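What follows is a pair of complexes built around chain A, which joins chain B in one and chain C in the other.
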Partner chain A sequence: MSAPVPAPVPSSAPSSVPAEVLARARARLLGAHSIAVSDPAPPGLVTASDGSRVWLLSPWPDGATPAVLEEYDIAPMPLDRPGQARRVLAAALRCCWPRLDEAPWPGERVPVGDVLEVYARMSRGDPELARRWATGELRRLHDTGWLLLDEEAATVRPGPRIALWPEDSLGSLRDLIRRLPRPPEPLPRVDEQAAPADERREPDVPHEPQEQGGPVEDAGE
Partner chain B sequence: MSPTNDAASLDDVLVGEAVLGVYRQMFAALARDSGAVVDDPEMVDVAETLLAAFADAGEEGLSREQMRYVCRRYPAEVFENRLRVLKGLGAIREVFPKPNQLRYRASFTSVVGLMFIRRMMLDGGQSEMHRLLALEQLNVADPRMTVEQARAGAEGLARAFRLWSVELVTLTNGTIEELREQAPKLWGTEEILQRAERLHGAILRRWPQLDRTCTDLRAAIYAYGDASRRAAARLSDSAGTTRNLTLLPPETWRTFARTASREELAAVLEGFVFDAPAPWHEPAAVVTAVQDGPRATPPRPAPPRPSVPDPGLSEDASSDDAAAERLRVVAEQVLRGRDRVAVEEVLDQDWTAARRLLADLSSAHLHPELPYRLVWSDGLDSRPDGSPTWLSPGVFERTGT
Partner chain C sequence: MSELFEPLLRSYDEKRRAELVAAYMAVEHAAEPVPEVRFPALREPALRRTVEEMLALSGRTLVRTAVKGGSPRWTSAYRDDVAEALAADPACVPPPDERAVLTLILIHSVAIPRATGLLPDDSWLSPYPTPLEELRRRSQLPIGELEAALRRLRLAGLVSQVKAGPDEQGGFVPGPQFHRLTEAARRRLQEELILAAGPGSPLAATIRARRHSRARAASQQAAAQQSGAQQSGGAEPTHQGENE
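Let's turn to the complex of A and B:
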């Protein structure tokens, strides 16, 4: 879905509408949009900065998140294939969030191929098909501000909306991401010692299949 | 066919009376009183209920009480009024025209008239027009049709079309709500026009002398087409601005949605501002999604585990060497360099110590890695004063290695 044209709101009544109302309307209309760090951030909005840009997000009252909708038995915004989108998000976080003790935002910029590889290993079935599904979900997550996808450079990094996750809700997510398959090693290293790394990885895996961290890491180093 | 004037006039009167009778019977269902038309549809319902009951009753007809019974839903005065009017107009009459007649029968013409009226009430004059055109088409093809009948039919149709177009023009200039109410009259206009033109062509081909009448009919058809198109244009114009989706039939909206360009579709919501899509992915929801998702490998059933915490397999395994070493030391102490020693020599202590030693020797015998063996003979020595009071002679020996 392409973003609606923002023309009518800002140009219609620049004088009568207060600035923060206008900024809030623009933030809701455009989703997560960014301004330069040097620009003044309008009041009443949550900001997420990665050092060079500031993303403006509309906040919820009392520090709540839309997760409270579930407590009140209100249906959230309908989403096509929410499970798949969240699995792709988890795969992306597996790659973009290497130091799990820190906050996921701003995270790191990683190649899209790594995320697709992780997702293909997570899911069953044709890996090529899984990659294609995941590509579509990456684009949708980019449109909704959960990931920042640079299609030309083929890189992805966490989106500003991830900065809205409260710290105390991240515990189970950290555990989960620790258990996900590791992203493939960067290409140059694989070129140098592809064969020994593979040979050493093979015998390790059957012994301790549950510990996905250790043996692969050793093999890569 | 009486040639006299009196008889002729009497015949005329009779003919006129017959026509009037048909009219009265036809519209008896609509008549509120003998002179006027009903103003309440419920009264038509009474007539219909009665006629249906008569149809069910068969040739016996119905008595007055039976009629009252089938009309029990309606108030008494309404029923009385209807019965009086229907009787007065001849829709319901006595089985035999006698005073104090108790049984009644219904007129067939009234039922047909009622069916016609119902149909007109249901879908207006348009479908009736379809029927008339189809009937007329059949008549024109009929070889028994005369020129006069054809002329009368064409004139009637021309009159109907003229009146119809007048009505449409009035509607077009009236309010849009009125036009919307009458909008069903506008649907399917093309088909009516085609039928009418086909009929017109058929009449003109068969009776070229009717060209003047046919010109009138043609003009009336065209006038109707123009008026209908203008009314439809006004309707669709206002439909485009009012967003009242009932102004046009659903098919029209569907066609528009399918064929319109993106700009036309977007113009409907011009001036509206929408929130950007912002679905929320809670961390817990992400965890649930991954756990519920299809796995790369099908989950294997876990092997059964004791419910109490396991003290640990590794401890036993590591202490096995130590135990074997201890047993080896014990065995070497017993053997003292010899290859074999009799068990009774070894067990010459008190039984408390001896049984511990015997247990160790048995363990050394049973241990798969230790090269010792206990061999017992079949005898049994009884030693009343010894420490083990009975004893089988046996040998503890070093095995081959």
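Let's turn to the complex of A and C:
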């Protein structure tokens, strides 16, 4: 779903639909797909940029979220294991959102193994099984735009949907994330907070993060 | 975040505005069609028109679902003209393995029970799951690819998984997205199912002939419009007419 998607529909499409309506319909259908920063974003969409790509998301009126369904006691689209999905997302945020006083987006790119390790420590039972469950959940969270998973490089970072969280809704989330187990590599002391993610990444993966499986194996210790 | 909707919502007071937003979010995000009685903005025709206009901004429309002795229910779907344009865009069409798996599920869970009178003619939801083994055998996909296709179909709400019970086999059935079909989409899907399940049947031949003549008429109309537009210098793009 968030794989590279060709440029928007050619304007020659045999259709009488206004181009901006079709562009919004397309963005809705493709989920959180991205375009290059240099490409113009269709009007009326919400955008989240990490500096090189821009993700296009459908807007919600008046800042409403699907949580409004709860007020009406109406079931949202079903998720297979919503509790597990939320916990894996929380474990990922624990790793990808090291500076909690900042916004979670765009966050940090971290080894998948770190997230699996945090999730395993959060879970009761067989840690190996927990890691396997979490791996599937990471894929689903990627497919739905909550996380950006790079399976080749075995890294994960926050997804563009996280960019839509309004700042005033993040308080309790920050408290929750703080209480989760730390990622396997010791987090830096407060006064060194800017350095560690870069230090950790740069010596191992200078430019292209193509090391397959390395981070996962490290974290599996 | 809501500039898109502002021109439509501006004239309403706070209460009405909140009702419109709630109805919009409900039809867009609920798993099933929502009851009209619960949402003032779906109950009152004038407000409902505004909900419809909000949806139309992204190529969506309201769909009223069949009433079974109760109050009407509403959900949303892509407008037919938008669905057609999206289907012509390769990036918007699911890959062949997903389509193949979905077709197998529709044949097994809907077409066959319908043919034997177990399912009503107009239902796309089914209590008859297609077993994984059936999908594996018929699709001839390697298990990894089949499972990946099923994962994406389930995430998209196109397929739901049914757990095996003591006496029943588990498997997959069409998902909640099948509520989101306009009249024309239901008709088209019905035709596609006939073409897939009985390509050699007389009914399939009729469908092909009808489509052929319709396509010819459409291309003639398009040619006529194009020459008309050239003469008038092109029309201002506006919103399409409302669906029923």
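As a working rule, the second predicted complex is superposed on the first by the 170 of 221 C-alpha atoms of A that agree within 3 Å, B and C clash if a C-alpha of one lies under 4 Å from a C-alpha of the other, contacts with A are read in each partner's own complex, and residues count from 1 in each chain.
Methods note: contacts are C-beta pairs under 8 Å (C-beta built on N, C-alpha and C of every residue); 3 or more make two chains touch, one makes a residue touch a chain.
Computed from a predicted model, the values in this text were never measured in an experiment.
> When the two structures are superposed on chain A, do chain B and chain C clash or fit side by side?
clash
> Does chain B (first) or chain C (second) touch A:66, or do both, or does neither?
After superposition on chain A, A:66 lies in contact with both partners, chain B and chain C.
> Based on the superposed arrangement, let me know which partner A:170 touches: chain B (first), chain C (second), both, or neither?
A:170 sits against chain B, while chain C stays out of touch.
> Considering only touches as defined above, state whether A:145 meets chain B (first), chain C (second), both or neither.
Touch partner of A:145: chain B, not chain C.
> Could you say whether A:30 touches chain B, chain C, both of them, or neither, answering first, second, both or neither?
Both partners.
> Give one of first, second, both or neither to describe whether A:77 is in contact with chain B, with chain C, with both, or with none.
It touches chain B and chain C both.
> Taking the stated contact definition, name every residue in chain A that is touched by chain B in one complex and by chain C in the other, in rising order.
After superposing on chain A, chain A residues 1, 9, 25, 28-30, 65-66, 76-77, 143-144 contact both chain B and chain C.
> Please output the residues of chain C touching chain A within their complex, sorted ascending.
Spelled out, the residues of chain C in touch with chain A are 1-5, 9, 17-18, 20-22, 24-26, 29-32, 34, 38-39, 54, 56-60, 78-79, 81-82, 84-86, 88-92, 151-152, 154-155, 157, 160-161, 176, 222, 237-240.
> Okay, in this complex, where on chain A does chain B touch?
Where chain A meets chain B, its residues are 1, 3-4, 8-9, 25, 28-32, 65-67, 76-77, 79, 82-87, 89-90, 93, 121-125, 143-146, 161, 165, 169-170, 172-173, 175-176, 180-181.
> What residues of chain B sit close enough to touch chain A in their complex?
270-271, 273-296
> What residues of chain A sit close enough to touch chain C in their complex?
Residues of chain A touching chain C: 1, 5-6, 9, 13-19, 21-22, 24-26, 28-30, 44, 46, 58-66, 68-69, 71-72, 74-78, 80, 136, 139-140, 143-144, 164.
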